[in-house]
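The data blocks that follow each hold one structure.
Same chain, two partners: subunit A is paired with subunit B first, then with subunit C.
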Partner chain A sequence: MFVTDIRKEFYDIVVNQRVALLVSLDVDALCACKVLQALFHCDQVQYTLVPVKGWQDLGTAFLEHKEQFRYFVLINCGANVDLLETLQPEEETIFFICDTHRPVDVVNVYNDTQIKLLIKQDDDLGVPSYDDIFRDDEEEGGDQDSGNESDGSSEPSGKRRRFDEGAIERRIERQRARREWEARRREILFDYEQYEYHGTASAVVLFELAWVMSKDTKDMLWWAIIGLTDQWVHDRITHMKYVTDIAALQRHVSRHNHCNEDEDNSLSIDCMRICFEYDLRLSLYQHWSLYESICNSCYTLSTFKLWSIQGQKKLQEFLADMGLPLKQVRQKFNSMDIAIKENLRDVIEESSNKYGMKDIRIQTFGVHFGFKNKFLATDVVHAAAALLESVEKDESGTDNFIKALDCLSRSNLDQLHRGIELAKKKLMAIQQTVASCICTHLILSQGPFLYCCLMEGTPDVKLFSKPLALTLLCKYLLKSFARSTRNKRCKILPLVMAAPLDVEKGTVIVMGIPPECETSDKKNFFGRAFEKAAESTSSRTLHDNFDMSIIELKMQDRSKFLDALVTLLS
Partner chain B sequence: MDPSEVEFVAEKEMVTIIPNFSLDKIYLIGGDLGPFNPGLPVNVPVWLALNLKQRQKCRIVPPEWMDVEKLEEIREQERKEDMFTPMPSSHYMELTKLLLNHASDNIPRADEIRTLVKDIWDTRVAKLRLSADSFISQQEAHAKLDNLTLMEINTSRMFLLDSLDCMYKLRTNLLSRGGAPKGHDY
Partner chain C sequence: MPRNCCLHSENEAKSEGRSELIPSIKFRHCCLLRNQRCVTAYLYDRLLRIRALRWEYGSVLPAAIRFHMCAEELEWFNQYKKSLATYMRSLGGEEGLDITQDRKPPKSLYIEVRCLKDHGEFEIDDGTIILLKKNSQHFLPRWKCEQLIRQGVLEHVIS
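Showing the complex of A and B:
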């Protein structure tokens, strides 16, 4: 059931208990976890933090901890599948789920005792009404009653026969009504569960909890901003929703700024200041050189078509048009001439309008504390995601999780800088892979979708065995392909991407994303499609990820799986 | 003594806070504290104030002397005098560091205060070094320094004691060696 008063029905209950926090592996979950941890520290609540990678991990973690804990808080996992069925918990266990995955499973919605959903109900949920999908079994009892009556009565046989006929007719009528109801139920559920999408960021929901309790700090607000930006960077929410949520957070930002700086006595420079920025859509440009940033950002990469010689020339023209000398532009951003840096954003916006890039600027937030440290929300998202999925040797999943969690605190700036370096490598790898895929025509149209498969020996292919990095690659690739192809039909096709996951086991990770479109509503039907295709061909798949549209598949079953998918979606 | 021990001792000083929760009077070994009522100022030791601040349960009111004009006066006073002037608090350095690290958002013009306190500290420690230097070079038997705080004494304590010890050893060696050759001069 949905929790109406998050403070009374969630926080006041757990504040005196020991809780188990099960956190999924994405940046929004990390931020939500940080906010909740800060609240727990203030109130000295004992908790155990367990990172979970997928459904199997969730099951294992639950089994390990179900003896000791009665209350489980699940962050960014657990809402889109019947949780009670999957985990088989005891009667007293209560789950608090703060998840962005939609659609929320109907059993989770209508369970009153064990499942509490920390989800805002004004998110367009479209949950079917109770009566449409659940029905008490009354007619069984009715049939038996009439049967008994007719058996037990001692009336003459003539009357009994008429009674029997009436009863039989009624029973047939009821069965027919029931079949109709079930057919309608299947249809309603199919429509409801067909498309996967995402709701409000968990970090924002938990920040609002803190705000309701007047315990919100600037650190928590910054984490909420990062959670929302993560959803935008990894293309999980529509642009409209992003802008609306930014406006809501902007109100909080101005409230905090106003609170602290309303006298002449201004704050110490070491205090954290968050400010609204209408900044450029160039990833990590303040920690890199401007040239590198332009070459490796999705928007500019796809608009200029930088994988071709033409594209490179166009870029040179663009820079010349803005009057930026190449030497300056290739330098580290911090060492660029002040005169150039001052008007950079306006100059770039003006020029980019001429080259067809209307939205080079995006609304976002930046933070600065101390004299040296200035970060944009997108920088931190890229850094945290790179740390979370770092494929360096001797690093286990849990280590990466802890490092990524640490880099979000202000006191661990070296971790954050390390994350930024890793993110730069990741973005360069993505750019090179996109360039090679497009130049070698690796993207094939299968009919209802586009398909691309990364080969074993591709450089940096290990990076793409992780879901977040693969998401970015897919997004960049689809955008670039949509710009570069001449085929009008191909521009609006969705993309299915396969990358090698584990060479020894012979598995690949397969992921599907919806078509690239300005007004796309980011609804992804590949989750259900993959399930059905796997069933029909009995391919050996593992639907472990919390996002249903990412699965693992055995390499040998790849072709029959694809064929099934093609037939399913045509 | 370790500087962290000196800081620990300094945390016993009292400071005013404005809590946002309510609690009855609490009876601790060191004394009674409270009762705590939201919005009403109460005096508590610094260790408790910092803990409550980190749990966002209070707002710290800077001590009276932690003010830019007052500190500027004190600094001028210190620079003029040859001797040490009395400090507003016997743990001014530790308190400044603790409060500015954890509660700088409650203290107006925190950066200037940090600079001023550092200036005062530098002046005093320089005077201490000069005084120690003249004490040793003039081979005085005892010296009296008023108005020093524990942290300042602690900076020179180990070095001064060890070096005086070494000098004593050298001097006694010199005297005994000065005596022995007379005995061996036959």
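Showing the complex of A and C:
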């Protein structure tokens, strides 16, 4: 059931208990986890934190901890599947689920005792009403009645016969009504569960809990901002929703800023300040050189078509148009001439309008503490995502989780800088892969969707065996392809991407994203499509990820799976 | 006694008419004294370390460490333990005060710890059991974690 008063129905219940926190592996979940940890530290709630990568991990973690804990808090996992069925918990176990995955499974919505959803209800949920899906079976008795009547009698008298006919008719009528109801129920459920999308960031929901209790701090606000920015970077929410949520957070930022800044007692430079920025869409540009950042950001990469020679020339023209000397632009951003840095954003905005980039600037937030440390929210998102999915040797999934969690604290700046370096490598790898895919025409149209398969020997292909990196690659690739192709129909097709996952086991990771469009509502139907295609061809698939649109598949089954998918979606 | 040995050897040498040996005797004596000092210093250092073990590991030493101690050292350790226990009982009223805990001034009742290796199940004061798996994080009462932190199983996370 949905929780109406998050403070009374969630926090006041767990505050005197021991809680198990099961956290999914994405940046929004990490931020939500940090906010909740800070609240728990404040109130001395004992907890155990376990990272979970997918449904199997969730099941294992639950089994290991179910004897010791009665209250489980699931962050960014568990809402979109019937949880009680999957985990089979005891009667007293209670789950608090703070998840952005939609649609929320109907059983989770209508269970009153064990599942509490920490989800804002104005999030446009469209849950079917109870009567449309669940039916208390009262006519079972009616059926039995007529059954008894029909075979209980040994002497069919005239009256009895007429009564029987009436009973049979009623039974037939009831069965017909029931079949109709079931058909309608199937249709309603199909419509409800067909498209996957995401709701408000968990970090924002938990920040609002902290705010309601007046225990919110600037650190928590910053984590909420990072959670929201993560949703935007990985293309999970629409632009409208992003802007609305930014406006909501902006009110909190102003409130925090006004608390402390005063004529007489201004804050020391070491204190944390969050400010609203209408900044450029160039990833990591303040920690890189401007040139590198332009070459490796999705927006500029796809607009200028930087994989081609003409694209490179256009970029040079663009820089010349702004009056930025190449030598300056290739330097580290911090070492650029101050005169250039001062009006950089406005200058870039003006020139980009001429080159067809209308929204080079995006609303976001930045933080700075101390003289050297200035970060934008997107910088931290990229750093944390790179740390979370780092493929360096001797690092297991949980090691990476710990490192990524650490990099979000202000006291672990070296971890954050390390993350930024890894993110730069990741972005460069993505740019090179996109360039090679487009130049070698690796993206093929299969009819209802585009398909691209990364081969085993591609450089940096190990990076793309992880879901977040693969999401970014798909997004960049689709955007670039949509700009570069001349085929009008191909511009609006969705993309399915396959990348090698584990060479020894012969598996690939397959992911589908919705079509690239200005007003896209980011609703993804590939989750259900993959399920159905796998069923119909009995391919060996593993639907382990919390996002239904990312699956693992055996390499040999790839072609028949694709064929089934094509038939399904035509 | 070593000095007596030296004098005795010297007297013997003089009585047998071989006084040219006296410098050698004196030299050898100095070497022996030096060796004795070295060995004594070593043994004393071992003793100090054994004393520190009580503060680090508690009353029961791990078998690996006991293996490297001789019987006399174990005896000394037990005596030291008894002596420390008597002292602790004499402090703080009826129950005594365990001064081997809280060696640094504590900042909070509960601390966040991260598990560095798989330790299995761990019981805390109210009887509940916590599964300590590598890389899991927990928020537990400080006094329960101190022992494990010293052993290197848990790591205190400061954020």
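Throughout what follows, the second predicted complex is superposed on the first by the 556 of 570 C-alpha atoms of A that agree within 3 Å, B and C clash if a C-alpha of one lies under 4 Å from a C-alpha of the other, contacts with A are read in each partner's own complex, and residues count from 1 in each chain.
Keep in mind that, in the parts below, a contact is a pair of C-beta atoms (placed from the backbone, for glycine too) under 8 Å apart; a residue touches a chain by one contact, two chains touch by 3 or more.
Just so you know, these numbers come straight off a predicted model, no measurement behind them.
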| item | value |
| --- | --- |
| Which of subunit B and subunit C A:401 touches, first, second, both or neither | second |
| Which superposed partner A:129 touches (first subunit B, second subunit C, both, neither) | neither |
| Contacts of A:217 with subunit B and subunit C, given as first, second, both or neither | first |
| Subunit B versus subunit C as contact partner of A:440, first or second or both or neither | neither |
| First (subunit B), second (subunit C), both or neither touched by A:67 | second |
| Residues of subunit A touched, compared between subunit B and subunit C (which is higher) | C |
| Which superposed partner A:41 touches (first subunit B, second subunit C, both, neither) | both |
| Shared subunit A surface residues [contacts with subunit B and with subunit C] | 41, 44 |
| Parts of subunit A lying in touch with subunit C, wherever the complex brings them together | 18, 37, 40-41, 44-51, 64-65, 67-68, 396, 398-399, 401-402, 406, 409, 411-412 |
| Touch list for subunit C against partner subunit A, complex | 109-110, 112, 114, 128-131, 133-141, 158-159 |
| Residue numbers on subunit A that touch subunit B, as the complex places them | 41-44, 214-215, 217, 260, 263, 265-271 |
| For the subunit B and subunit A complex, residues of the former touching the latter | 20, 55-57, 100, 104-105, 107-111, 114 |
